[in-house]
Structures are given as structure tokens and as C-alpha cells.
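Sharing a structure with you now.
Order as written gives the chain letters A, B and C; numbering starts at 1 within each chain.
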Amino acid sequence: MTLFLQAALSGVLVGGVYALIGIGLTLIFGVMRVINFAHGELVMLGMYATWVLFSHFGWDPFLSVVVVGPLLFLWGALLGSTVIDRVLGALPQNQILLTIGLGLVMSNAVMLGFTSDYRILTTSYSSSSFELAGVFVSRPLLYGFLVTVAITVALYLFLLRTDAGQAIRAMAQDREAAQLMGIPVRRLSILAFGLGSALAGAAGALIAPTYYIYPQVGGAFTLKAFVIVVLGGMGSVVGATLGGILIGLTESLAAVYVASGLKELVVFALFLLLLLVKPSGLLGRTRA
Amino acid sequence: MTTLPSPDAPPAPGHPTLRRALPFAPAAALVLFLTAFPALQSKPYPLHMGVILFLAVLQGSAWNLIGGYGGQYSIGHAAYFGVGAYAAVLLLVRLGLAPWFGLGLAMVAAAGVAAVVGSITFRLRGPYFVLASIAAAEILRLGALYFRNFTNGAEGFVVAEVPALHLFGLSFEFAGKLPFYFLTLALAVAAVALSRAVLRSRLGYALLAIRDDQDAAQSLGIDVPRAKNVALALSAALTGAAGAVFAGFTRFVDPNTVFSLTDVSIEMALICILGGAGTVEGPVIGALLLVPLKEVLRNPRGLVTLGLFPPGSSLVGFVQHHLSNAHQLVYGLLLVVLVLFAPDGLSGLARRLVARRRSASPAAASP
Amino acid sequence: MPLLEIRHLSKYFGGLAANADVSFSLERGSILGLIGPNGAGKTTLFNCIAGFHPPDRGEIRFRGTRLNGLPPDRICRLGLVRTWQKVRPLARLTVLDNVIVGALSRTRRLRAAREEALEQLRVVGLLDRSTVLAGALPIGERKKLEVARALATRPELVLLDEVMGGLNPAETDEMVRLLLSLRTAGLSQMIIEHDMKAIMRLSDRVVVLSSGEKLCEGTPEQVAQDPEVVAAYLGEEP
């Protein structure tokens, strides 16, 4: 039983960060209707930025979220206003190819700059954990989860209480209606892409202490992010939140009860099953 | 009241239509030249590049059937490439099965996997389809890594030697580059010929209709799932053949090479899209551009071997020092540039230029 | 036996009844006009008949065969074809190739399909545009293409969804005359249309839908004078 609780707990903690990644992706899709295949690379950039701040300036990764997030926001806004803007009306296949291309450019630019050596970010508490009711809680995972919760709450407040946030939600619901209502659709699209990137970057900062950092690490995150988003329903922030936790849980339990080397395969297999059975996800409304 | 044009009237100038396919005479001349090429020079490196080039044409044409004609952008074709490669190698290593049979069974295995993947993915549209295709290929890659007893895991298989093929009393040795050169040339020509035949067939029309508007196609009596599955089976079989030959040629298979998302799935799609998806010549053009590009970045010294650059060339040195393995970066840039500026690929770009020039000339006639 | 029978057909989206207990039939060789205010459920009905949505309740019979749950391509091969309210040309194919796609539902041979396609293009008057890309056509010609393409499938019944929408008076007149000549040739038609004059000229019978239900049915003259129908249209732009 302890084993189950242990696995479940670490799954939920990791799932929180996954949720951040998924929320970013679903925002981008919900608002811009763009399928961002480069999302994992945005996470990767966040990881590297965090690593640089840590290894050159000694910044604690959980604190550097404050810098990494906005940094990725700017990068996302730049991408959104230049490249992405131009494919808003294009065929989905072309959007996908474009963002796949962007992902390749980002990951390989980083490889040229940093080489493909694995980097590890070890803080003083990287391997420390404390015991709670017979279960071991990894400190970095817990801190990551707490920061995630804080960011998610802030995001929800933004979406529910601010004008920009409500406008974004309106756009996600019905783009044409929002446009007719005078909402500056283009500007908000760029904002949404920036926001999504910021969340991805923040997630990268939060998992940097617990993952190997290398240029190609983005790929797995992209696919996982899509699983989360499809699970929760494309465009649903709440769905992505729940989806992230669920995927983290699934992966963790699969690692324990099936086999560690198969945990990703299990997630992808469940993904295919989900696409077959309910492609609109648990909470979604877009048709497949 | 206009008169009925004769059924074989050529299409109006400048209008891209189905009937404009690769013109026969130049293509035949090219094939003849390529067949004679090894007699003209016998250094191994150009022959090696020939094999890689023909495999690229084969793969690009294979992807074209389902991605170009059918508009189903699968980014998971590595599934079929890898299955073909492993099937051929496993049959060889475990059963001592000779190349032709290995090749045929590899194609069948790939088509079988395609039937399964298709049944799952073809119910999905647009981005969901792309995602599912990637997931399917990744499942195979991860499975191949994990199930070590079957596939040797990450270590892969080294093929010590490919046994000779005994056919009609003749014996074909598979040592050296030459046999693979002719084999891959034949496969590439067959793939292009098949592409052309499909384009002008009932299946071709069905696929193009599905590409442009699946619901409209269905309302006109097209059995959409069947068309997609047939196209994918053909596409997978050809891709599996490429995988099998690749395995025999490089004498090595491992999951991260043959099931690779970037170096197989994306590369195949890029070859086709760069040249012009949905056209017969597109994959050929794409291969002719991409293969040398990739090779120069991977192995700039090859330019010296070919005698194109002097040994001490600073350009070669620069590429070797700074840009080795930057081919993925180039793929990425190409994808971005293509989508933004030339979604029809180079073939489409060329057609538009030709059309513009023709309509600008005073002698142009419109129907 | 009527060519097409709709019996107690209902279709729900979420909790909303897009079609509620609709029943009527269409006789062979006739034109039936389907009218009603926007949102009355006309296109939904077409989608149900043509196989794009399975009806939730009720039955559709075409030449005695039950259509419920059959895929659209099967229904087309049975002889029932539809056009689309928002035209759906196969944009990257030529006009001729568009129609060939339709013709290929009836013949396997490309040559025969080509000849059939050319004939249908002649019938609708698009022959001189056969090598133009469908995506480059103006709306009037796109509508004609849609009709030609449907005709190439050799249907017994064609469902025409606002085939005159967006046409100028001259084009509308041309289309009306085309449809009348097709009826003379034996083609049965069900037409959704907002253009009342066209409906009057074309229809043998008219069915009126409003808010998903059938309001009334009769000859064009009867329907035009029905007070409920008039009331349903009040508040609608003419």
C-alpha cells in the first residue's frame, strides 16, 4: 500500500508541472487555434535558462522562475507576432509543419550552442526528501508542485478577473464573436502565445532540478503535453490541469506496476485509446 | 456554344492539372544515365550517395501516396521503416532468410502494421491524426528499446553479411555498393512509376478529393476509409522496403535510428513537401536537394572525396567544425520557410512562375 | 411507393431538438421545396437523410431501403446525392476533375468518367471552364459545379441546399430553368431555398419547417396562404 501511495504522490507532484505545460498548450490552441508542436522546446529553453542562471550565477531554480517565465513570455510573444501570426489562417497541416520546424530550429540551435551533453542541475536539496506518514516526499518535487499551484492560482485569477483574461476566454469560446465585440484579436493572440510560452518555460525551470537537461528533451514533453490537452479537452484550462495530474499519476503508477522502461509507452498507448474512444477529451467540446 | 474538347486534348497552358506528370522522355534518359553511371566511374563514395539518394526518392514517393495525394500528414512513417528494417534483419539473423524474401516479408509486415495503425488513426482528423501517427511510431520505438529479448534493445543488430541471392541459377552477391545501387535504383523507379499510375487512377482521384474535402468526397460516393487504408498500405509497404534495404546496406539496425522521429518520419515528409507534395516529381526534386544537403553537413570531407573541393579548403573546414550534424537545424529552417513562402513546394513554385510568365506573354491563349 | 419517405424523424443536439417528429414523402419525378426561417432545421434534415448525422428517432426510406445509419458514400451509390449550403469545391482540382470524381462513383473506367463529366459540364454550362481550378471560380460557377458534380453520380434524387444562394437574378433564372429541365428528364429533387419566387416556380409540393417541426405541407399556393406560415416568416428578412 505504501508503494502505491508513494508512486501516487510523486505522480501527482510531477503531474502538477505537467499540468503547467498542458495549460500553456491549451491556451495557445484555445485562443489561436494553432497546434504548437514546439511546445516541448519551450520547456527545454526554460530548463536551459534555469541551468545557466544556476551554474553561472548560483540562482536557485525555484526562484529563477520569476525571471525565466517572463523571459519565455517575451520569446513567445516574439514568435507569435512574427512567425505564428502568419499561419493563423493556414491549413492545420501547415501549422503543424511550421511549429515542428520551429521546434527543430530551437532544439538544434541549443545543441550547437551548448552541445548535446547532458547537464544536471544539483542543488543542495536535490536528493533530499522528508517523511510524511510513512511516505517519502521528494523536496524538489514538492517545491515544484507548490510553485505550480501558486502559478496556476495566479493564472486562474488572471483569466477570471482581468479584462485581458476575460477577453482571452471569450476568444477561446468564439473567435468571430469576440472580434465583432471589438476585442483586439491579434494582440491577444500574441499575448496568449507569450503566456503559453511563459508557462512552459516556468515548468522547465521547475523540473530542471529533477530531469536531465539536454537539447532533445523537448520532444517527449511535446507529445505528453498533447496527451494532456486532448485528455482534458482542447482549449480547456481546467481540463489541462486535471489532465496533467492524471498523466503524472499514470506515468508514475505505470513505472511501478508495469515497468519503468515502459511508462512512456503506456501513456502513449492510453493516448491512442483515448483518441479512439473520446477524442474530445474529458471536458472538451471541439470535435476531432 | 463551345465544342467538346477531344478527350485527349492537352491541358491549357499554365494550368496545373492531373495530366501533367513527369514527362516521359527526359525521365527515361535520366534513368538510363543512372543505370550506366557505375560503368563510368567506380569509386565507392558516389555509389554510396546514389543508394542514399534512391532510398530518399523511394521514401518520399511512399509518403506522397498518403500524405501528398491523400492529405493525411503522417509524421509517424518511421513505424513502417523500422518494422521493415527489423523484419528483414530478424528474418536474416534468426532464420537465415535471403534478401528477396526478407524484402517481400518486410513489406508485408509493414503493411500489416499500417492496417492496425490506420484503423486507429484514420478516424481522426487534422492535428489529432498527426498526433496519433507520432504516438504509434513512438510506441514501436519504445517497444523495440524495451523488449530486448526480441530486438536486442538499444544495442540493435549488426548484420555480419548479407547472404547471396540465388535466382534462376544466377547468384547475386550483396557485397559492396554496386548491388545495392541497382536494387535501390530499381525500387526508386518503381516507386515513381507507381506514383504516376496511382495519380491517374480511380484511387488517385479519390485521394485527391479526400485531401481537398473529405466530407464532400464522401457525399460523392467515395469510400473514404477504404481509400485511405489502401493508400496507407501501399505507402507502408514501400517504406518497409526502404527500411529493409537500409538495414541490409548499413548492416545495422537499432531503434533510435530506424524508428527516429526526426531522421525518418520528418525527413520523409520533408523530402516530399520540399519538392511538392501531391506531384509525381516532388519527391524526386526534394530528394535531389535534401540528400546532398544532409550529406554535406554530415560529412563535408565527402566534397573533397568527390573532387569538388581541394583538400585544404577552408569552406570544408568551416562546415566540419561548426555545422556538423546541423542537418536537423536545416530541416527546421526549411520547414519554416516552406510553410511561410512555398507551401506547394518547389514544384508548385516552379509551376506558378511558369504560369505567370505564360500569362504575361501576348501569345498566351485562354480556353 | 414514394421515392423518399421521412417518418417521425427527430434529431437532437445536446438537449435541443433540431428536427422534431418530421414526416413527409417525396414522389418520384417531382420537386419538393423545403422552406422555413433560419434555424428551422432544414440543413440538419438534409444531413440526416444523406447520412452525415444518424437520426435519433424515426426512419428514412429511399426506394424502400432504410437509410438510417448508412454512410454517406453508400447512400450516394444508392442514388441519393446532396449539395452543400456552403459550396465545397475540391479547390485544388480542376472543374473537370471535380466532376470526374462524381462520375467515378458510377464507373471504374477513367475514360468513361471523363466523358460523363464533360457531358454534365455541358448541361450546366461550365464546359468552357473545365480546365480552371475549382478554387478560382466565382460563386455562381461554384454552384453550377456543385450541381454538375452531383449529377455525375447519376442520382435518382438530389438534395439541393440553397443552390441559388448568392446568385444574381440572371444566374438564378438560369438555375431554375436547369432544374426544371432536369425534372423533365426524370430527376427528383428536394430543394432548400429562401428565394420564394424560385420555390413557387420549381416546387410541385412544399414542406415548411419551423423550429425543428413540420409546420405544414401542400402545393406552393396552399402554403403561401397558410397563416401559420406567414406568421413564422414575420420577423424574417424577405
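Just so we're on the same page, contacts are C-beta pairs under 8 Å (C-beta built on N, C-alpha and C of every residue); 3 or more make two chains touch, one makes a residue touch a chain.
From a predicted model like this one, the values you see are computed outputs, not experimental measurements.
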item	value
Centroid-based (C-alpha) most distant chain relative to chain C	A
Nearest-to-centre chain - CA centroid comparison	B
Centroid distance [mean C-alpha coordinates] between chain C and chain A, Å	47
For chain B paired with chain C, centre-to-centre distance based on mean C-alpha positions, whole Å	42
Distance from the mean Cα position of chain B to that of chain A, given in whole angstrom	33
Complex contact set, residues of chain A against chain B	35, 83, 86-87, 90-98, 100-109, 111-112, 219, 223, 226-227, 230, 259, 261-262, 264-265, 268-269, 271-272, 275-276, 279, 288
Residues on chain B engaged by chain A in the complex (per definition of touch)	71, 73, 75, 120-121, 123-128, 130-132, 134-136, 138-139, 142-143, 145-146, 261-262, 266, 269, 273, 322, 325-326, 328-329, 331-336, 338-340, 343
Chain B-facing residues of chain C, complex	50, 52, 71-73, 76-77, 81-82, 84, 88-94, 97, 100-102, 104-106, 108, 110-111, 114-115, 118, 122, 127-128, 130-133, 149-150, 153
Chain C contact footprint on chain B (complex, rising order)	2, 4-5, 7, 11-12, 15-18, 200-202, 205-206, 208-209, 211-213, 215-224, 278, 367
